[in-house]
Amino acid sequence: MNYVSTTTIAPAVTPFDALGLTDITAKLEDNVLLVTLNRPRKMNSFSEKMATDLVRVFEFGDQDDRVRAIVLSADPSAPAFCAGVDMEEVARGSSLLGRKEDSETEHRDPGGQVAMAIYNNRKITISAVNGNASGIGLTALQCPFDFRIIWSGSKMTIPFVRLGIAPESTSTYLLSRLIGQSRATAVLLSGAVMLPDSPMLSGLYYEVLPNRTDVLPAALKLAKNLAANASQISIAYSKGLLHHNGSSVEEQHLLESRVMKLVGASEDAAEGAKAFMQRRKPNFPDTPNRNLSPWYPWWKVTDVRHPKSKL
Amino acid sequence: MNYVSTTTIAPAVTPFDALGLTDITAKLEDNVLLVTLNRPRKMNSFSEKMATDLVRVFEFGDQDDRVRAIVLSADPSAPAFCAGVDMEEVARGSSLLGRKEDSETEHRDPGGQVAMAIYNNRKITISAVNGNASGIGLTALQCPFDFRIIWSGSKMTIPFVRLGIAPESTSTYLLSRLIGQSRATAVLLSGAVMLPDSPMLSGLYYEVLPNRTDVLPAALKLAKNLAANASQISIAYSKGLLHHNGSSVEEQHLLESRVMKLVGASEDAAEGAKAFMQRRKPNFPDTPNRNLSPWYPWWKVTDVRHPKSKL
Amino acid sequence: MNYVSTTTIAPAVTPFDALGLTDITAKLEDNVLLVTLNRPRKMNSFSEKMATDLVRVFEFGDQDDRVRAIVLSADPSAPAFCAGVDMEEVARGSSLLGRKEDSETEHRDPGGQVAMAIYNNRKITISAVNGNASGIGLTALQCPFDFRIIWSGSKMTIPFVRLGIAPESTSTYLLSRLIGQSRATAVLLSGAVMLPDSPMLSGLYYEVLPNRTDVLPAALKLAKNLAANASQISIAYSKGLLHHNGSSVEEQHLLESRVMKLVGASEDAAEGAKAFMQRRKPNFPDTPNRNLSPWYPWWKVTDVRHPKSKL
């Protein structure tokens, strides 16, 4: 995960078979990692273990060169894509909303940890929302993705102000950036129930599809298309530039110029130019692990997972 | 008002009856403070006294625990919600656009003072736009609110470039954030007259209603719903997180985690969980005055009202 | 160009007749500078010389008091507004994507140089997109403008990830600000072909017109209207406030208050008030060159064109 400085504190990445997933499933096909929320009897609600599973599988996807795109969806036999945090688990003393014994600064929102593992991922990420979504089902499980594809009948709400709890999963940062502060404020402070075509959510979705069963195939189609036809280093650098803007247009110009020079000298650029001239599809050889410059990431990288960590 | 450090320089908050309002009226009902622009013969145009009145009444609303939401509307007998700054008052030497005797750095835009009193308010704020709005009627009196509800027939314009005056009321900050810089630039530089369903304003309004007389009831309905059913501290913290983002997603994660821990230990959270389990409406006891952590506000708070004040 | 500190390193501005334009044409009429991409046989593709020409002509427009608005369009006999970077020139060793002999930090993206010359311009800028646009035709030649007017049939794409190249022209900065990060990410990472009415581009265009031949007349009409009726210093200050926000609403309030005081004391403000009272069109005398305060620009100005320049 690229918010951990890979030279100094990178954890060994667990191999796929040893991820120990229970609350989600994952499989790799055509260079696309398909992740599925797997708690249908609990309406795919968000558990502590689901948080751990998701961070692990997105870290794996970020690090493994075979993975060129990651799709998240949910077991469709449940009545919801994700019904929010598992309130029964919270009632049993889960750390989801903070352990009693933790001090004020020690808690680390598990939804935020998941959101960062997705937002900081160097691969294409797509959320395939095939049902209703409440709270964390709309924050962590949608906002940090590159693309969101949804069934038009999905009912959605972020009901935190009506429950006396706090907004989470970095939604107060991401939602304003994604769709503007007017819509973000309305969504977070009203607690309203919305459909994907609500004006309050305009701009959030790449595709809104009329049939629930169309969502996953559409997401996989986009994922496989980009896995096959897009340069992995062009994607990694583009996401870096989008997520880590300079403080002025001049600074961004210097960042983009340096990236342009680095990417321009890559095998992917040579292959891209050749394929363009030969009017054929490219076959890009570069991967983030092997071919990103040591200059990447150029922004300050902080591991905020440890309870004592600061910025 | 929370941009004044409450520990050191907080003014005593004037009681409701002693606010001395003349250019607006205010009444408190069902925990909702209804503020009404009250210069119908002047097309509800913005006066120096209206600025003072608005700052006072929003400070009162911020500080008084009985107030759980604030609605701004305008006397409907006027042909406009607000026809802009009172140009006759300006011609008579009002300070609205700057006093002659003030130095270049001493002027404090009254529209900006009003905008900050609204934007920094810890309670829900709703602008109920029941008629045409020009200049400050669209900047200070709409942009800093959490929600905007409007009559579809309201004609609106920000004509500053066509009058040779400067944009104000922090509109050059708020408008880009609310609806994006493309729309904000078009609105501010064209001086065009727009209706609420103009693509240039897309995203600005929570509701656009076909009848002028529907606007205030819709705003009061939303205000009373949130006053009755939303946690005041959840709202205050959510607004703080939305308005004062950390400089990275990691920093926002730490802020949200701390807020989550604080709110999670509150009486409101306990009541919210209990009401959820019992499938009943909550009855939240906490208020910003009594129950916000001393850590709030976590951002640097500056009083910029004094002519010599700096950041 | 205002990102060059005019007191210390301003280049002498070339007179109009000596600009040496070859890949674009330019003419001045009714205080509007009309710039036309002029490589119809090359589908108006972007060349090194076009970059130089565009920077020169926008610098001229910024500095010459006769110019009150600048419109960019393209020779309509070509099948595209701009087909992207001239790949044949790149194949011949052009600097467009970086010279081999330049070090990693020496390259300066020519598209970014053009984008900054437009974005930092103190005059009204309008892009009149009368045909298809690829890559730089949608980044440098649309994003940095104040207004974009387009033919509804224009096909557009930013195909960089599919070509193994990097995003440029400060598009990773501007696009998120203009239309939000959700849409910007989708546009940049999908490489999809879009029409102007695509939800992915919502908010980007001031006008979308059904006939290709309507685009330039509509742009000229808007340009001439603002050239005739808008205050040049009100526009310059408004653009400065929009592009160089303070770090908080309080800081923006201080900036706006100072601008208000400066503009309020101008001849334009006096003329604006007089014209308003007399119900006639104004005739604004001020210009940026003569009448902006020495305080403008109040932000840090950096020339990043030199290969060794840093921020």
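Labels for the chains are A, B and C, by order of writing; each one numbers its residues from 1.
In this text, a contact is a pair of C-beta atoms (placed from the backbone, for glycine too) under 8 Å apart; a residue touches a chain by one contact, two chains touch by 3 or more.
Here's who's who by UniProt: A, B, C = ClpP/crotonase-like domain-containing protein.
Note that the structure is predicted; figures quoted are calculated from it, not measured.
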Matching the CA atoms of chain A with those of chain B requires turning by an angle in degrees, to the nearest 5, of 120
Comparing which residue numbers chain B and chain C contribute to their contact, where sharing over half means same and under half means different, the two sides are different
So, in whole Å, the Cα centroid of chain B is separated from that of chain C by 33
Residues of chain A that touch at least two other chains are 179-180, 202-203
So, in the complex, the side of chain A touching chain C is made of residues 124, 146-148, 177-180, 202-204, 206, 222, 226, 229-231, 233-235, 237-239, 241-242, 245-246, 248-254, 256-266, 268-273, 276-277, 282, 284, 286, 293, 295
Note: in the complex, chain B contacts chain C through residues 3, 87, 90-91, 97-98, 102, 104-109, 112-113, 115-116, 119-120, 160-170, 172-174, 176, 179-186, 188-191, 199-200, 202-203, 243, 299-300, 302, 304, 310-311
